[in-house]
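Note that subunit A is present in both complexes that follow, paired respectively with subunit B and with subunit C.
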Partner chain A sequence: MPDRTSRFIWPVLGLPGMVWIALFFLVPLYVVFCVTFGTVDPIFRSPVPAWNPMEWQFEQVAVVWDRLVGPNNFYLPPVLRTLLYVVVAVVACMIIAFPVAYFTARYAGRHRALILALLVAPFWISYMMRMLAWINLLQPDGLVNFIITLGGIIPLEVNWLSGNPFTVVMGLIYGYVPYMLLPLFAALDRISPSLIEAGRDLGASGFELFRRVILPMSVPGVVAGTLLIALPMMGDYFTSDMLSKSPSTSMIGNLINLSIATPGQSGQAGALLILVLLVLLAPMIWYTRSNMKSEVRS
Partner chain B sequence: MTVSPAPAEAMLAKAQGPRRERAPRGMSGARAHGLAAITAIYLLWSLVPVAVVVLFSFNAGRSRSTWQGFSMRWYTWDPDGSVINDESIRNALTHTVLLAVIATAITVPLGVLFALALDRWRGRLPAGANFLALITFVIPEIALAIGLLFMVTYLATPFGLGTTAQIVGLVTFQLAYPIVICRARLLTISAHYEEAARDLGATALGAVRRVILPMLFPAILVSAILVFADVLDNFVIVRYLSSDASTETTSMRIYQVARAAPTPALNAMATIILVVSTLVIVVGWLLYRRWSKRQGESTDIRSFAGNL
Partner chain C sequence: MADRPRPPISRRRLLQASALAVPSAWVLSSCARAQPLGSPAPAASAGGGSASAAASLPPLTEIPIASPQNPVKWPINPGNEPIASGLEPEMNATLRVYNYPDYVYKRVLKDFQEEYADYNVKVELSTFNDLPEALTKIRSGSVPFDVGFLTYNYMGKLVYGDLIRPLNHDYLPNINDVWEEFQNPFYDQGWQYTVPYTIYTTGIGWRHDLIPEDISARPNPFDVFWDAKYAGAIAVLDDDREVIAMTILRNGGTDVNSGDPSVLGQTRDSMLEMLAVSKPRVTITGYTDIPEGTMSLSQCWSGDMITGQYYLPEGVDVSLLRYWSPPTGQAVIGNDFLCVLKGGENPVMAHHFLNYMLKNDVSMKNFGFVGYQPPLRSLTPESMVTDGYIPANLAAAIVKPEWFQVGYPLLELPVAVEAEYQAIWQQFKSGA
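Presenting the complex of A and B:
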């Protein structure tokens, strides 16, 4: 007995959320385009957004493009560096997360709840606090140098905190690995023990079992984890700022952040941002759609 | 963030089932031990640095790397450097908690209503809105922050940079949590409940309010806690949308001064926020367990980790 209210109640309930998303997600994205494809006031050096797409100009994009591939391409090293850092960090996260997730899913036994709680703990420890922890440990007179110099005996003191790419990549791994661990754990946990038993009954060795049963079934978790950490890393500027603060380790995020802070360069920040979003568009859409599909399937 | 598709019955069976019997039968103990060692090392690496931050917040001296004895100095009595006496630290703490409370109070109802709507309302419009909401989950935070920064700066919005802008940004960024978590739960609530309520004479709205919402309560609680804890730690959005020192949060404070020569008061401030979020999580977890036990829902800790 569908009365009038039941037909309209659902759209009405959804309306506030939809308006919110339109106003504070779609409109801001559009403004980024208007600022990027607008002009800069020649006197005040302030951006003049072009609200009408018909009037969009490409000066700012040309400036950024020139710095990327032109003769004086000082934007290119940070871009390439970002790709390198992200790839190294993602691979390292996989290597770290796999055994940990696998152990928790299959062998943790009665400690399972405790280990899971500890694995989840970094989610509610502030990222900045976690970076602060490493700044403290990596000070010239900090704990790490104390250990590797055996308390000052061996002159091996390392300058960790200014322009050391190793520190920045370690910081990225440290910061993001929990986001790889959880989806991976969820995927591995879904593998039924009877499936593994069946594999063993059919004569698979431990390694074969891993390669032909466990690894293939972990793929969704690995893919989800990779996207969950790679996408935010592409916009990360604070890890490098906290652990290095040097141009020699700056990433795309740092370029964007610096342009935002410089008067008259908002358009360039927007152009860089649009560049990043264009590169990430396909993986973002793919990931979101696959999540929506898994909802519908159930 | 995979939405768990298990229907209620299956989840129930899983919760009661012989979960613990997945012991490594016939598995070489050496491998399990190796994996256990790796896991232990990982957990140490992951948590000990943070524990050191907490420890040094109690240092009697100014150093953050040399232990000079236990003291509450950086929390209480140091004349100008302690949490109580340093106005900027105090302000950062109160502002952070204020943002978390307000952003949670707006995000959760907005997201729950949206999830309820999406559960029944089919069509292109709701599907598109759902898609956009989920995109905010994976889009780099910096994009959202800069978009709002530009909007507030170049459009005549009724609010400027500062607390309001920060809250707007945080709500937008967090909205996907309640949507995803409540939708996952709604999928396991059979439509029969609502139909039964309607047959017994409830209006559509009455069925939602008296049948669906109570069943949804654990999911609402989980999303509120996740949003709250996540907002406490937010950095990118609150920084770009802040106006001046009065809208500085603890994350921004750490970012500002960590590389200068801060005192252990910074550690003390970080520790306080950690204690606040831990308390909220623990209390929330206990409440959640009570509620979901009553409803026979699975109380796996994973549902607590945002269905990641």
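Presenting the complex of A and C:
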């Protein structure tokens, strides 16, 4: 009898979550498809979704495709720019987060809870507020310039907010680094201290211990953290909008946002969205499959 | 029962799951409004009056585009006649006003409530970021907005979408206080639907201490946006029409609504050149960024610089602000208007609100906050300076009535031309 109860209890408990996903993910996704493959009201230029897949039209996808790979491929620079920004920001997040997570997992001792609380403290303030704070700090006469010029002694003028790609990447790193920290911490925390001691007993140096024991065992955390921050970064438009406002730092997210706000171009926004979705689906599938395999192995 | 890993989903299961999408599509389809292509959706009509105009609309090609050379008297659709004269304002009304952010003085709205306290009216202000967003929300009918602060290059859509209510002039005697040009504007002959709100030119604003050069002394001041000397310190408006128009003017053109492919091609090339040379930011926050010194120079509307005086940091003198637009008035020029929306529930109170906003003292009070000039007869360029509304160094931001004869308004565009403009703008904003 207990087996029969547990057979039904979990699906029942899981049902609200499944309904939630269906309502707020699958249905909106279908609406995106219907808008993308639908038409446009000739007067108001607002989208007229085609609910019936048999009526779907593919002009907007063709337009986006042409702007990506056609002779006038002006969508390509923001796409490449986005990839570059995301790769740099993910690597930087990793470099920043790994030592912090390792320290917290292994050496924080009784202060671990406090440190963890401090690590997630940025979540308590909205992303927009944090970006607005950075705008103040990065002003020409702001605190950052005051510090790097040693209070104005060094004659150095840096305009951080003038469409500077460095500022946008720094904004991405700042905004997303906590999301990298937590999965890394979880993975590093799971490494048994006896494995590290065994490595030491077998004569591994500090670097070898890291390379041959800690790093391989932290791979699931690294992958999870990378996906967790790379996926939203790919669609991020807010950071560039706030810290740059310049076309020279436009990302895919900015293109999608512009298309949504432009009458008659919702279909193009949808096509771009689907493109990003397809690009992001590959690592997600890979991650899910590798997780399933490792679960089966364990 | 212990948890165990599930096998991956089979192709058959995936197909079965996909089959569920078909009924979902049917449900969505039946939820959608019946909206035949080629005709606009009928607007919600909470305030009475049937939404029958959609049926009587002419084909799309017949909808006129208003311009100074082609003034338009819009039709009044059956079922959308003006309200009768002599009606009492609605009691306990919530007057829903729809506007850009920071584009009306809230004190003025409170004063209106006080003036109509006998009717227990409450003014509720909602804001939109741009007109496409506003139009979408007005069309949806989800909120019964009574009054809209809108722009004339959307007149065709407003009238033919049956979204706007014709005015009864008996309720609007204060129209006599505004310039004659706006008692019979080209975009609404006979002011059947609109009353003017503010007027403006588009030009260049800067802070003199950050840009010591006298931009206005250049043979072509618009060249400043193509000057590598100011790379990273300047901005253009986040508005496709304004930037394209400025580029056309800079290249020696005068038709800022041009659909000529060669003009548009040249304009696109110039805009991309600007991007490469001066790396401008794209923003509409020049009215705070320039006074605060975050930005040195920006394309902006005249009202932005007048408002800018209130955003100066402590210790920065107002005399440092500058504005330039062609002094002959041959600039991009425009105005916004007030109208009564058809979906509103309080058309009589809405008429009273329009009349109130036209009132000389109310209009002046509002001007003192928003910085955008109302087209009032009582205002002269001299009085605006002597009365302290505009500092002398920003006198170029004052719009003169005769400029509406020579200026270049941004007009509604044919759909194909509009698509060309959008493509140019997308290329520019993608930083290609």
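Operating definition for what follows: the second predicted complex is superposed on the first by the 257 of 298 C-alpha atoms of A that agree within 3 Å, B and C clash if a C-alpha of one lies under 4 Å from a C-alpha of the other, contacts with A are read in each partner's own complex, and residues count from 1 in each chain.
The rule is short, and it goes like this: a contact is a pair of C-beta atoms (placed from the backbone, for glycine too) under 8 Å apart; a residue touches a chain by one contact, two chains touch by 3 or more.
These numbers come from a predicted model, not from an experiment.
Engineer: Can A:L231 be said to touch subunit B (first), subunit C (second), both, or neither?
Structural biologist: A:L231 contacts subunit B only, not subunit C.
Engineer: If you stack the two complexes on chain A, which partner ends up touching A:D141: first (subunit B), second (subunit C), both, or neither?
Structural biologist: It touches subunit B and subunit C both.
Engineer: For A:T82, decide between first (touching subunit B), second (touching subunit C), both and neither.
Structural biologist: So A:T82 meets neither subunit B nor subunit C here.
Engineer: When the two structures are overlaid on chain A, which partner does A:M292 contact: first (subunit B), second (subunit C), both, or neither?
Structural biologist: In the superposition, A:M292 touches subunit B and subunit C alike.
Engineer: Which partner chains sit in contact with A:K245 here, subunit B, subunit C, both or neither? Use first/second/both/neither.
Structural biologist: Once the two structures are laid over each other on A, A:K245 reaches both partners.
Engineer: Determine, under the contact definition given at the top, whether A:S218 touches first (subunit B), second (subunit C), both, or neither.
Structural biologist: neither
Engineer: Contacts for A:M129 in the overlay, against subunit B (first) and subunit C (second): which applies, first, second, both or neither?
Structural biologist: Touch status of A:M129: first partner only.
Engineer: Could you let me know whether more residues of subunit A are touched by subunit B or by subunit C?
Structural biologist: B
Engineer: After the superposition on A, what does A:V27 contact: first (subunit B), second (subunit C), both or neither?
Structural biologist: So A:V27 meets both subunit B and subunit C here.
Engineer: May I ask you to decide whether A:Y102 touches subunit B, subunit C, both, or neither, giving the answer as first, second, both or neither?
Structural biologist: Once the two structures are laid over each other on A, A:Y102 reaches subunit B alone.
Engineer: Touching subunit B and also subunit C: which subunit A residues?
Structural biologist: 3, 6, 26-27, 31, 34, 49, 139, 141, 161, 245, 289, 292, 295
Engineer: Please output the residues of subunit A touching subunit C within their complex, sorted ascending.
Structural biologist: These residues of subunit A touch subunit C: 3, 6-7, 26-27, 30-31, 34, 39, 41-46, 48-49, 51-53, 72, 74-78, 81, 139-141, 159, 161-164, 244-250, 254-255, 258-259, 261-265, 289, 292, 295-296.
Engineer: Can you list the subunit C residues touching subunit A in their complex?
Structural biologist: 1, 5, 8, 21, 24-26, 28-29, 32, 35, 37-41, 60, 63, 130, 132-133, 135-136, 139, 156-157, 160-161, 232-233, 235, 275, 279-283, 292-294, 415, 418-419, 422, 425-432
Engineer: What does subunit B use to touch subunit A in their complex?
Structural biologist: Spelled out, the residues of subunit B in touch with subunit A are 1-3, 5-7, 20, 22-28, 31-32, 35-36, 38-39, 42-43, 45-47, 49-50, 52-53, 56, 64-66, 110-111, 113-114, 116-121, 125-127, 129-144, 146-151, 153-155, 168-169, 171-172, 175, 179, 183-184, 187, 198, 203-205, 208, 229, 232-233, 235-236, 240, 250-251, 254-255, 258-259, 266-267, 270, 273-274, 277-278, 281, 301-302, 304-306, 308.
Engineer: Touching residues of subunit A toward subunit B in the complex: what are they?
Structural biologist: Subunit A residues touching subunit B: 1, 3, 5-6, 9-18, 20-21, 24-29, 31-32, 34-35, 47, 49, 96, 99-100, 102-104, 106-110, 113, 115-137, 139, 141-143, 161, 174, 177-179, 182-183, 185-186, 193, 197, 200, 206, 220, 224, 227-228, 231-232, 234-235, 237-238, 241-242, 245, 253, 256-257, 260, 266, 269-270, 273, 276-277, 280, 284-285, 287-289, 291-292, 294-295, 297-298.
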